[in-house]
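Going in written order, the chains are labelled A, B and C, and every chain counts its residues from 1.
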Amino acid sequence: MTSPVATPTADMFDSPSAYAAALQQFLSTDERAKPYIGYRPHSLEDSASHLTGLQALLFDSGWSRLGWPHSAGGLGGDPRFRAAMFQTLWNMDMPIPEPFTTLEILVPVLLVFAPHLSDALLPGLLRGDDTWAQAFSEPDAGSDLASLRTKMEPDGEGFRLTGQKVWSTFGHLSKRSVLLARSGGPGHKGLTMVLVDLDQPGIEVRPIRAEDGENHFSEIFLDNAWVPADRVIGTLGQGWAIAMYMLQWERGAWGWLQQGRFHQRLQQAVELGTPNPDFAQQLGHAYALSAALRLTTKQTVERLAREEQLGPEVSVDKLLLIDAELATWDAIRAYLGPRFEADDSLQWLRHEYLFSRAAPIYGGSQEIQRTLVAQRVLGMPRD
Amino acid sequence: MDLRYSPEAEAYRTKVREFLAANLPADWQGLGALAGDGAEEWANNWRDVMAANGFLGITWPKEYGGQGLTKLEQVVLGEELAKHRVPQYRAVDTTNIKMLGNTLVKWGTEEQKRKYLPRILSGEDTWVQGYSEPEAGSDLASVHLKAELDGDEWVLNGQKIWTSRGMEGTAIFLLARTDNTVAKHRGITFLLCPIPTPGLEVRPIRTLTGVEEFCEVFLTDVRIPVANVVGPVNEGWKVANSLLGLERGEEAATNPIYFKAELDRVIQLARDKGRIDDPIIRDRLAWCHMKVEMMRFLGYRILTQVLRDGALGPEASISKLFWSEYHQVITDLAMELLGPEAMVREGRRPYKHYRTDEPGAANNSNSWIDVFLMNARSGTVYAGTSQIQRNILAENILGLPKEPQTNS
Amino acid sequence: MDNDTLDMLRTSLRHVLTEANTVPLAERLAELGWDDVVADDPVTALHTLFTLKGDTVSSADAIGPRLAAALADALGDPQLTTATIGLDSPFGPSALAADGSLIVDAVVFTPPATNPVVVLVDAVHLGVVSGNTLTCTALTTTDGNLAQYRLTGNVPAAQVQCIEGATASIAWNAMVTHGRWLIACELVGIAQHVIASAAQYTGERIQYGKPIGTFQALQHRIASAHVLVVGAARLTEFAGTSGDAWSALVAKTVAGQAAENACTQAQQCYGAIGFTWEHEFHHYLRRTYVLDRLLGDWRSLERQIGNELMTSRQVPKIGML
């Protein structure tokens, strides 16, 4: 058996599963992990501040650094280590600090398209000293993202940003944001991606309350906000291509992370509930879809680990995720019955239920994904 | 919504009941209880009994063999027949009486009405429907069958397809292209063509259940008299569409009865299979029951509307979607209840290949396999696919913008 | 198996499965040196065969011999490799009478001739009798192409070999697990074929002046059907490598559902042509319904999964990184 290690490194483990086992051992023995096991948040803000402690613990002990390259503050090893960490956290009924999900999406992009920023910025991000957001959507540019209008104009050693962003997850709790703006003409060729500091005079961030009563996302108002030239990710006009690159992580790696959650929540449900054949089929259905999602995203994570370039087929992962997420929460709600609706201690579970309804919208809606699969994967005709 | 029928209608109901009491066999179980070709034979005889007693085409004027009664009486007749588990007529009479007969009543010339309507009722003529073509399915207005005037004759060239019971037809009503210089809906003419006719060939198409239900009809230089036009030349689209309204009122009243009878069979099947106490099966049966009840209430609305305004509202599309999609769920449930039995074909096969099997049918696997594979699944395709119904609902009823793609 | 070998294997298997031939599949496979291929890499070989069998809706009896092999293997009784395994009959169960005689009612894909027949009596009893003690009747099946026979008989105790207890249940379950995996492969093959064909058809069929495949109503149906098929394919691959009962159970559940759903969505896209005998589609539709019902239909398997989760209070994870 692996004894608790000071600083784990990738070559200590012959497989991500071995790493997961060692991590589990660490988390179940280290006192510092205790407050996070079975943690139920009172609010999103409460959870955000509480979980920075967990994020720091995982970083300082080295566990969350595996799966990231040294240039990002990591300890090397492929992305499967990250995936295994998420699975372990779910197994232990420990919440995943929200910034991890953003990391999964933003860091790979920075590593490829803005390596000059990684040394300085990524370690802090990994450790949770900083939180970043993603600001793409605008009031008039949702599914049709390429129509976005936030203006980006050169000004001396950098650029000025003016416009409005919306639905930015955790924007009000974030120090910086990756942002997509229009630096050139119309269409996707005119778009550029930048990393902008949110704590500056030209920017106002307002939280938006979601249907579960929590401030999940924000509006960001930009009025001549400043972004230095070296904060451009990739090159001018490359924004759309980078956003597309990002999607393979957003749709693929995200799915793996989520299936862990679905399995864990189903586990909670069967622990809490009283067996009742009325709900057998619904639970079986939710489980079967979650299992299908697990193996599908497992393959995706493995492909990402081999540095394969993923194509439109990752939309399949996202679509399966939507089906599994909705089915899982419907089944849990049905199975727990009145208790689900009324038990004070299950408030957090109800919030997760409500939030599950957003699955067909965020990260590219279900309709958009289906169209992509039909046309780009199955070769059905475009109009 | 007004659920009361007029005293005249109730009096007619009594008359129908008396007729049925006098003419149905004492132990009548429904057409479904007859084995082999018995059902076919019985329905053929029965429609003659109905005709002889003045129960066919009852809304048609008396001078053409009808009874001059109202739509309400037609509804009452449909209801009573359904409740007594008797069909009104043969399967093919759907196109014959319901479709063509009613169209002629509305659009036919005096001569056409005198000539054709009595022959339809007597069974001398059997009309089948020739609308669809290989290249014109949902987009029916794009029909290609070419009709050109040559002296006092139309010359027809082209092809029809999916003609239900085409082999039984002694005549076919056609939508043909008579002007291709105008918008596609404007250049269509409704034509009548006898079978056999030189140049016309009917070829049966086997359905996926292996029976010959629909046909292809090939027309090569087929000549028909110029008088065989129904309604104005180039207004066939309007003629064809006016038919839809005629069908739906009666259907609205009878559908719930037939679907209820079918649901009862499924409940019996659940009992027979020892699954009646199974909570999930009970849930699904209760769900089906609710749907049939909703169908009934929807039916009342449609009925009231048709009877009051003579026109159909949005409920027509809703109703088509409702029963056809419901039917796939209940037949799926029946197949589930059959379990491994659904792998093996046993017993009598259904008489008709659309909607429910006949009341009285035993719960053998052949009944459910055929109804499930053919009747129920094709319900969302024929008479306007579910997608087309939804487009109609969204665009014409809910006022959603038109799908940019189908404007043509 | 490397990719080139696999491609070659696919080509020859496709040929064997589609050519008109009265010689039993087993003999034709033998000519290919099939036993060696299976011995070398059983998971890939069988996965390929059964997926292709679904893809081509071949009616050859490939599953029968595999069920026998799995049972023989689990019992450590090589003689049973020639056995015929009797599956659930729609007409009633097999039973052991008080006097030890065996009342047989079972369904098989190939007449057993004089080979041994194994039937499940209850969770802890298997009955083995010689095929020539039973009456074999051909059934008219929903899938007219797939032959099925009913075996019936009342075999005196002296001619019945009974396998009892844990040995019986373990062996039967191993056979069921193997069978579920193979049927899941076949269902996935069907579903993939149906989706690809429907996608192609909608690209060719013109209505309203454009391919009907441009309508979102159809694109979204086919796309969502495809998603479930991908999930089923991943589960099926995994069930093959792991060989465990739980993953085979889940794989067959999702595969049955995915194939049925693919057929439903495709048929709607085909319109009237999908209701004809002439179009190939109906073979896939009918085959799906029969295969789904073998060794548990997807709905009852879903319930089995749910009951298992509720009573064990454990939610297993299939597949580790």
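To be clear about the criterion, a residue touches a chain if its C-beta (ideal position, glycine included) is under 8 Å from a C-beta of that chain, and two chains touch if they have at least 3 such contacts.
All values reported here derive from a predicted model rather than from experimental measurement.
More contacting C-beta pairs: A-B or B-C?
The greater number of contacts lies at B-C.
Based on Cα centres, what is the most central chain?
C
How many angstrom lie between the CA centroids of chain B and chain C, rounded to a whole number?
Averaging C-alpha atoms per chain gives centres 39 Å apart.
Any idea how many Å lie between the Cα centroids of chain A and chain B?
Roughly 54 Å, centre to centre.
Residues of chain C that touch two or more other chains: which are they?
Those would be 210, 214, 218, 299, 303.
Counting only residues that touch at least 2 other chains, which ones in chain A make the list?
Residue numbers touching two or more other chains: 277, 280-281, 383.
Please output the residue numbers of chain B that touch at least 2 other chains, ranges allowed.
280, 405
State the interface residues of chain C toward chain A in the complex, per the touch definition above.
Listed in rising order, the residues of chain C that touch chain A are 195-196, 199-200, 202-203, 210-211, 213-214, 216, 218-220, 222-224, 226-228, 230-232, 234-235, 237-238, 250, 253-254, 257, 299, 301-307, 309-315, 317-321.
In their complex, what parts of chain A are in touch with chain B?
277-278, 280-281, 383
Using the touch definition up top, name the residues of chain A that touch chain C in the complex.
The touching residues are 15-17, 20, 80, 83-84, 87, 263-264, 266-267, 270-271, 273, 275-277, 279-285, 287-289, 291-296, 298-299, 301-302, 316, 319-320, 323, 335, 367, 369-375, 377-383.
Spell out the part of chain B that touches chain C in their complex, as residue ranges.
132, 135, 137-139, 142, 161-162, 205-208, 210, 214, 280, 328, 335-336, 338-346, 365, 369, 373-374, 377-378, 380-382, 385-387, 390, 403, 405-406, 408
Can you list the chain C residues touching chain B in their complex?
Contacts found on chain C: 88-90, 107, 139-144, 148, 206-210, 212, 214-215, 217-218, 264, 267-268, 271-272, 274-278, 281-282, 285-286, 289-290, 293, 297, 299, 303.
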